[in-house]
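Heads up: the structure comes next, in structure tokens.
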Amino acid sequence: MSLNYSDNEMMAISAGRFIKDGDIVFAGTGVSMLAATAAKRIYAPKAVVFFETGGIDPSLDEIPMAVSDLRVMSGTCLNSGLIEAFSIVGHRKLHTIAFLGAAQIDKYGNLNTTSIGNYFRPKTRFSGSGGACDVASFASGVITFMQHEKRRFVEKLDYLTSVGWYKGGDSRRKLGLVRGGALAVVTNLGVMGFDEKTKEMYLDQYYPGVSIKTIQENTGFDIDVSRAKEAIPPTEEELMILRNEVDPQRLICKA
Amino acid sequence: MSLNYSDNEMMAISAGRFIKDGDIVFAGTGVSMLAATAAKRIYAPKAVVFFETGGIDPSLDEIPMAVSDLRVMSGTCLNSGLIEAFSIVGHRKLHTIAFLGAAQIDKYGNLNTTSIGNYFRPKTRFSGSGGACDVASFASGVITFMQHEKRRFVEKLDYLTSVGWYKGGDSRRKLGLVRGGALAVVTNLGVMGFDEKTKEMYLDQYYPGVSIKTIQENTGFDIDVSRAKEAIPPTEEELMILRNEVDPQRLICKA
Amino acid sequence: MAKNAEISDKLMTLEAAVKKFIKNGSQISLGGFTIVRNPMALTYEIIRQGIKDLHIVCHSHGQALDVLIGAGCVKRLEIAYGGSGRYAPTCIRFKKAIQQGQIEFEDYSNYQMSLRFLAGALNIPFIPTKSGLGSDLLNYEGFSKEVRKERKVASKKFDMIQNPFTEEKDDVVLLPALNPDVTILHVQYVGEDGTIRIKGLTFADIEQAKSADYVIVTCEEIVPRSFIRLDPDQNSLPPFFVDAIVKVPYGAHPTGCYGFYDYDPKHLNMYRVIAEDDEKFKKYLDEWVYDIKTHEDYLNKVGAEMLIKLKANPILGYAVGLDRR
Amino acid sequence: MAKNAEISDKLMTLEAAVKKFIKNGSQISLGGFTIVRNPMALTYEIIRQGIKDLHIVCHSHGQALDVLIGAGCVKRLEIAYGGSGRYAPTCIRFKKAIQQGQIEFEDYSNYQMSLRFLAGALNIPFIPTKSGLGSDLLNYEGFSKEVRKERKVASKKFDMIQNPFTEEKDDVVLLPALNPDVTILHVQYVGEDGTIRIKGLTFADIEQAKSADYVIVTCEEIVPRSFIRLDPDQNSLPPFFVDAIVKVPYGAHPTGCYGFYDYDPKHLNMYRVIAEDDEKFKKYLDEWVYDIKTHEDYLNKVGAEMLIKLKANPILGYAVGLDRR
């Protein structure tokens, strides 16, 4: 049987599968919020979803449209603030996984959410770091959501907002960032991992119906595809939970 | 008509008279708590009494026996914590007056609440700084309560816990403490001020029935008495409020 | 004591509060976050009074910031994030202003900005962090040397030192404290004694308020002293940090206010489209800001039907089932 | 979900909690302040288990600290204030131990210690302050060079640097972060979901909990999830910072617990006298610690009459009219 599902649904499910019970999951807006909530409802009931604004473990009966959404303050175990939230992300006692989005990514998983072109007079200005730089500095691992396009998977970022594996190898640790780094990149075409030693991006999973060649063509740098396997599509149950429980208003699932 | 009153009552009244409307008053235990509460009830109804533990403007229907007393948490405008409290003491926007006590004081109003004798193996160990050092660093002015004895008013402190005018003149400012300093010393014999220029202690008021000579004999350094005047004793109304409203259980007044 | 007697010297109109505390060139910190508890009524009044050359310092801001930039009130900006969640992942007028070189800007992260407010609140000149090591946040200074000499601007974006408590290499970033001229907040409750109570997330509002020279607060309700002092564990700020209080129900619209009303999806969607077009944006300002005489006019313009739709469920804190597309 | 299922792995006895998390030589931070919310039941259990060589880090502590020192559990101490308010302006066993050279000690101030916990909680290696400039707190290091090499001891008491954001002379003190092995707290409420709610003043409990490797919490009540999640603005710590939970009603006696019971003036006065005499103190420990088999025994020893006298007025939070002489 073949099921219909949207890109966002496949991405949310792919990312959600990385979450383990007990993980503290940092969620942003959009598909990242979908993935975090899905992870808790499907794979890791003991995971805790929280937001940089200070909302910890909200009931999320409706999906928030911003990290400051009133829905992020409802049924939580604690309503705090930004400083509290970021000190949680970096807490050595906690295993924190962060979901981020970005405009550009390089092969070491470094992210740009600031601007394209000259920094001082950019061609396109984006929102800026928000909490992304902080989370990339402190979390135990970062999973990034990307539209898989050549102009987004680039050899060199126009601006490095959030550090992934920096220049590869142990360069991140040498900066003084004692843990964390890019765990995976989840796109509309597949899932990328990072080599344990070189910290270079490789193709881990391609979605059903997507060819490896398509992924290579949409990546702006050479990417190792030797370890690629086909991704497991969402199950009926996963989709049902996603649509009926996580995003009953279909605000993000539909895209 | 002559009224009977205790040393603590005279001290509380003398100190309370320094408080102006709008002042934020930092209170400790004992006579300092009595003075702070009296100030608010008698002289400066718009003054705010608060405690280093984080209790701000409690109703103080009963007098607290410690700065952590449950009575410090009741009817407040805010129950916070230590960091909040000390950031209030030093807030540039606020005029904060602190009441402190000490075991030793020198002529520049520096205080010792740590120990007598060798620091590492003291003859007598006291409680330590608590918040005194912080408050002496940050408040707009400090009023210190002392038993007036030669061994307490000393040429050189055994340990300088809390900075007053440091070495006199502008030495306090040069340390990097941008405001504050010793405002007055209130003892069981009288009230001392500090010379505007040299910052040396002088006798400002002697209590009715106390001779200037007695004060000189009980002070371990030469003290300027040229500006001394007799203190105004507590009025009947002041005593009534102190006894009936501030300390109805007579826990501190009696001493 | 007569009702509100304790705060009679602080209670004032929007007009008076802005006139008294906000000048051309003031450094202003905005309360709230993206689409929640933005001090919109105050923002509109700042625009109406034609205040210019503001230096805005904020973490993640959406609606209030974007309207201020669009109305030409902002000269200088220190910011972590300019966006309105799903309604405008990047704020439109903010984006345009930077792309067209119309404002001086300096990028920080959310934690960095929050810590800078904390340092200001604690009255310390800087605060350490490890956030941003290796990032371009620490490679590019947005402000020029000339700007760095102006009042309320830090002498440098950050400093980096070796941790003096270890002999191993350990770089630590020092961030300069922020002490804005004025912090403007919209909150749920102010007590008759002047105590502030924010419900739901506080973001960095408390640090922002304590770091500022002056604080203007608009609120949904002024509540009895007996109420606000019954459970002081819940309160957010003591009275003495607040300099002006204005009661403005729905004062955060079109952003939300936990326990009172949701953000207005229709307005935010409309704004995103309009903000793209200079002419349409000008008309929007006329319609929603300049031509509004009183806050009652504003509420009538939003309309009773929408206000009721936005009304929050008092227990859950948001408008259940609101159409948010 | 079955009652307490969410915290079943954290719920344990006093005995198990101490056994699991506290070792000889552990660095322990004590919750509460002088005579309020001291984790006394945990303190007694530490003594009963014969734990030695503790390194205590605290701001202002009274009863729990003094009993631990008196029982010979403490080797090393970083402290701002050792006292029990009017009941013992300087704690007796603390005073004796220092005068007799029995413990290694290092003096800080309350703000300094609180900031050190905050730095630990924020995961930064140090935090700046101006407190203490010119004082002997910055002239005397209490710990020897040898002690400075041991685990959990800062490499130096403090550092002093020039503020890098100004060219004028501006000395700033840097205080080293604290990250104790274990923080022990007594609180009013723990939710069935593990959420912690402290009522009244929080002192530095929250920073202390977040700075520690492990946190043991004793509480007056375990309350339904539905209750603790209804108004999360009031909560103090999320579940994931807490490693062990023990329900111990009156677990802070003879210190007070806001909303539940007052401090016990009779006991505190009795203690001050007894603590002066080594023999009497030994007998006190036998009677109130070693010979106590269960917490119920302890409560019976305090006596129903006293427990009722100490009971707090639920609105005012303390025992109105209690004889506190």
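Letters A, B, C and D mark the chains as written, and numbering starts fresh at 1 in each.
Convention: contacts are C-beta pairs under 8 Å (C-beta built on N, C-alpha and C of every residue); 3 or more make two chains touch, one makes a residue touch a chain.
Predicted model only: the values in this text are computed from it and were never measured.
K.L.:
What are the mutual neighbours of chain A and chain B in this structure?
P.N.:
Shared contacts of chain A and chain B: C, D.
K.L.:
If you tally contacting C-beta pairs, which pair wins, B-C or A-C?
P.N.:
Result: the pair with more contacts is A-C.
K.L.:
Using mean CA coordinates as chain centres, what's the gap between chain C and chain D in Å?
P.N.:
Here the centre of chain D sits 38 Å away from the centre of chain C.
K.L.:
Where the centres are mean C-alpha positions, what is the separation of chain A from chain D, in Å?
P.N.:
Each chain reduced to its C-alpha mean, chain A and chain D end up 40 Å apart.
K.L.:
Please work out the Cα centroid separation of chain A and chain C, and write it as a whole number of Å.
P.N.:
28
K.L.:
Give me the residue numbers in chain A that touch at least two other chains, ranges are fine.
P.N.:
73, 75, 79, 83, 90, 138
K.L.:
Of all the residues in chain C, which ones touch at least 2 other chains?
P.N.:
122-123, 130, 170, 172, 200, 233
K.L.:
Thinking of each chain as a vertex joined to the chains it touches, would you call that graph a line, ring, star, complete, or other?
P.N.:
Graph shape here is other: it fits none of the named patterns.
K.L.:
What chain pairs are in touch here?
P.N.:
So the chains that touch one another pair up as A-C, A-D, B-C, B-D, C-D.
K.L.:
Residues of chain A touching chain C in their complex?
P.N.:
29-30, 52-55, 61-62, 64-75, 79-83, 86, 90, 114-115, 119-134, 136-138, 159-163, 166, 171-172, 175-177, 249, 251-252
K.L.:
Please output the residues of chain B touching chain C within their complex, sorted ascending.
P.N.:
Those residues of chain B that touch chain C are 24, 48, 56-57, 59, 73, 75-79, 83, 87-88, 90-94, 138.
K.L.:
Mind listing the chain D positions that touch chain A in their complex?
P.N.:
Checking each residue of chain D against chain A gives 121-123, 191, 193-195, 210, 213, 228-229, 232-233, 235-241.
K.L.:
Residues of chain D touching chain B in their complex?
P.N.:
Interface residues on the chain D side: 32-36, 59-60, 62, 79-87, 89-91, 94-95, 98-99, 101, 107-112, 114-115, 118, 130-137, 139-140, 142, 169-172, 200-207, 256, 258, 262-263, 265, 312, 316-318, 320-321, 324-325.
K.L.:
Which residues of chain C touch chain D in the complex?
P.N.:
122-130, 154-156, 159, 161, 163-167, 170, 172, 174, 176, 199-200, 230-231, 233-234, 315
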